[in-house]
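To keep things clear, I will list the structure first and then write my remarks on it.
The first chain written gets the first letter, and so on, giving A, B, C and D; residue counts start at 1 in each chain.
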C-alpha cells in the first residue's frame, strides 16, 4: 500500500524560538520511504541529527513572524498490520539487549504502579500476544477515546483516573500495563491512513514472539496504513516538535494522508 | 586521587530470577579505571552489553539459593570536582545533539511542572552555572537529606511535596529544576569517597559553559572522590540492579571506598 | 546554492543479483537535503540501513530482466568550499576519537608506504592546511586526470606508478599522502555541479584546524556545489553500488546536476 | 576454562610519542572478562574510547625515558572452539547488516583479486563452513607458518607470493579468500592458551550458518583457549598499538597466558 502523507505547521513567532522537530520518517522493517520532502518558510538553516533511539531530528531557530514547516512523504507500508495470537511471551533472559529499556518505567508510563491492574486485565490469557491483545481490548472498552481532548501529555496514572483520553493517552496506559507484565512496549508516533478526524497519531508496539507488534486501542479492529515517524519510551521521547521559550501553539496543523498508485 | 571501591550484594533467591546490573564503571573524561573485577557466586554465566547511554550492563539469571555479586574497582578520579561560577548558560541552538534529550521530562523528573519554582529559586542569578549552584543551595537548605529513608524511587513532584529524601530524591528534584530552565541535566550513580554513612550514591550533572559539571546537594560543599558507574535521565535509567519477578531485597549491601597509593 | 541532482542506473540482469547501494545523501554540517527520492523499477522490496560510518545504504535483489534505479535529490550546499590557509596541524593527542581511524592505511591508500614522498612534496610547508594544499597542487601537476580511464579501483601505489587516473585515483593518492603525515583524511563520493564530463565524482577531506576541509585535485581551483553521498576510508567503503555474483555493468549510468531556485 | 593473560610492553622513548593501544579485552558472546587491569609506568594520563567496531582503545602520550605498559586479564573462555561442518553459506540477502562490510576488500586483504584461487581451493566443497575449513586446511598445507618472521604487516597478495608468514599473514590470506566467495570474514587479535612460542596472536572468523566461527591455520587442529582483544577488517584496524612519530620498537614484549582455578 503506497501512501502520500503530509504535515503542514504554521506558527506566529514573537521572538527567535528554538525548535527540535521529528517529522521525517525513516525506512525500516515495516516501511520503505521512496520519497521525502521537508521545507521551511522562510528558508532558514536546518540542522539534522539522529537521536539515541535512531529517530531523525531537525533543529532550527524559528525567526519572528510567520513561520511554516511542510513535510511530505511517499511510503510503502503494510495493507494490514501483523496479528499473531499466541505469539509467546519472551522470557527476560532471552530478550535482545535493545528491548530491555522498554521494560522500565518512563515519564508518562509509570509501569511500576500497574502490576495489579495488568494482572486483573490479563487474568486468563496465555502469556505474550494474547495478554497485549487483552490490554488493547480493555483500553478500547474502558477508556473513552476522545480525539483532540488533551492539550499536553498526561501520564498513565492520570489517564486511568480520568478514564478518557487522546490516542497518546491510550498508548501510554497500554505501554505501562505491558511493561508491568515484563513485556517490552514502546510508543510510536506517525500517520494513520483514514484516521478520523485526520491528525498526527500515536499507538504502541509490544515485543512478543521475537518481534515488535503494532497495537492501537483507538481503532475498532486491526488495520494497516501506519507510517511511523518516531519511536520512543513515551511521548517525552517522540514529540513531533519541542519548542523552547514562551509557549507557541501552531495556528495551523494540517495532516493529509492519501493512498496513491505507485509504479515508478 | 586513587580510590579502591567495592560493592557486595547478597540475595536469597527463591525462584530463578533475571537481573540486569549496572555495577562496572567505565573510563571517561573524569576518571580512569585501572583495574576492575566482577564476580558472581555461584559462577553462573553473565552476559555483558552497553545500553543506549553508553553504560556497561550485565544480565544473568540468579539461581535459587544464596547468590552473591562482588565488584571491585581501582579508579583515578579528581581530588576536587570542577567548580566554575559564571560558566555561561548555553543557548539551545548551541547545545551539542547528545545533550538535547536531557532537556526533556523523564519518569522521575517532571520538569514540565517546575518552571515557576525554578524561576523563583534562581531569580537573581546570572544564567548558567550560578543558576544550578542556586538550585543546589536551595535543595541543601530546603529538602532534608535523610540517607536510607526511601525504599523506591519517588518523583521530583513527590520529593518537593515531602521536603525530604535520599540522595536520589535530591538529584531528581535538582534535575527537574535545571531542565525547566533549559539547562540539560542528568543523573549519575556511583561511589563517593568518605560518604557518611557509606552506601551507593547518586548526584547530578548540569551542562553549562560547554561541559558537564558535578552537583551534589547532599554534601555541604564541593569535594572530590566521585566514581561514576552509570549515567541516565533519572533513576529509571541507572538502577544498579533491576530484577524481574517477585521482589528480592538484598540481605547484604555493603559498599567500601578507600583511598590507595598507586604507582603501578 | 540549491542543486537538484539525479542518478539513473539501468542494468540487464541475468540471474537474481544482490546489490548494496549507497545513493541517498544525508543532511549534515555542509548540506541540507530538502527532498529526496529513490525508486526502483520493477518496484521490488528495498531494505535500508546505516553502515558503520553513518552512510545510508540500501539492499535489494535485482530480478532477471531490465532493472532500473533512479534517485533524485534537492540539496542546499555551499556556493564555495571553505578554504583556510594556515589552519594548523592537529597534534594526534588532540584529535577527536572519530578521526583516528582515518590516520591508518586502508585497502587503496597504503599510507604506510608514502612517508618519503609526502615529506618531499610538503617540504617547506607550515604543518596543516598548507601541507594538504601542497599535496593537492602536486597531484594536479603530476597525475594526469583522465575521466573515465579506469574500470576498477587501483591503489595509491598503483596510481603513483601510473601517473594518471580518474577522480577516485587522485583522491586515493591524496589520502595516502595526508595520512603518512599524520593528517586524518577520508574519501567522499557524490555529485559536483558543473563537473565535466558529468558523472559520479570522488574527492577527499582532510582534518586540520579542528574540522574537515574539502580537497579536489581534479578541479583547477576551489569551487562549490559539492553534494556528498558517502564517506569512508577509501573506495572500498563507499562504492555507490556493490553487486555480488557474476559481474553486471550498467547499460546506462546517467548523472544530472542542475542549479534550481528554491523558495519552498 | 578460566585463563589469566598478561602483556608487558617496555619502550625507550626519545621524544613525547602518541600511542593508540588496543589491549583491553571486552566481555562478549564468547568470553566473560571477570577481571581486568591496565597500568602504565610512569602513571601518565590515559584516555579511553570505543572505536567504530566496538573495540576498547586507549590514547596516551608516552614521555621520554623508560615507559612501560602492563595489562592483565582474567577471562572465562571456551574449552574448545565451536566446529560446525556443513553450517550453510548465508545468501547475501540474508546476511545481517553488520556483516556486510566484512565482504569488502581491505588494506591487507585484497579479496577482489582472489576469486580464482578461492574457487580452486574449495572446488568440491558444500558452500559455507566446509569452504572455510578447506581454506584453513589449504593455508596450513601451503603457507609455512613461521612465528616471528615478519616485522610489519604484508597483504594477502604478498603472503601468497611469499608462501610463508606469521599468524597475521595467514589470517589475512584466509580472510581474502573467504570474502572472494562472499563469506564475511574478519580479523581477531588476542591471546591463545599454550601458543608456541607464546606471543600475541591473530586468527580469523568467518560468518556461516548464522554466526561467526573461529578459524586458525597456525594450529594443527581446532582447540580452545582463545581470548579476543580486538576485531577488525584486517591488521590495519586491530593493531595492539599504533604509535606516531619516529618508529619505536618495544625493548620488551612479554605475553603470558596461564590456566587458573576460579571460584570467586
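Keep in mind that, in the parts below, a contact is a pair of C-beta atoms (placed from the backbone, for glycine too) under 8 Å apart; a residue touches a chain by one contact, two chains touch by 3 or more.
Quantities reported herein were computed from a predicted structural model and do not represent experimental measurements.
Colleague: Of the other chains, whose C-alpha centre is the longest way from the centre of chain A?
Modeller: Farthest by centroid: D.
Colleague: As a quick test, compute the distance in whole Å between the mean CA positions of chain A and chain D.
Modeller: For chain A versus chain D, the centre distance works out to 44 Å.
Colleague: Just curious, how far off is chain C from chain A if you go by their C-alpha centres, in Å?
Modeller: Computed from C-alpha means, the inter-chain centre distance equals 37 Å.
Colleague: Approximately how many whole Å separate the CA-defined centres of chain A and chain B?
Modeller: Roughly 30 Å separates the two chain centres.
Colleague: Spell out all pairs of chains that touch, sorted by label.
Modeller: Result for touching pairs of chains: A-B, A-C, B-D, C-D.
Colleague: In the complex formed with chain A, which residues of chain C make contact?
Modeller: Going through chain C, the ones touching chain A are 26-28, 32-41, 43, 45-48, 68, 70, 74, 76, 262-264.
Colleague: Can you check the complex and tell me which residues of chain A touch chain B?
Modeller: 18, 20, 49, 51-53, 57, 59, 61, 91-93, 97-98, 100-101, 103-107, 109-110, 112, 152, 182, 236-237, 239, 242, 244
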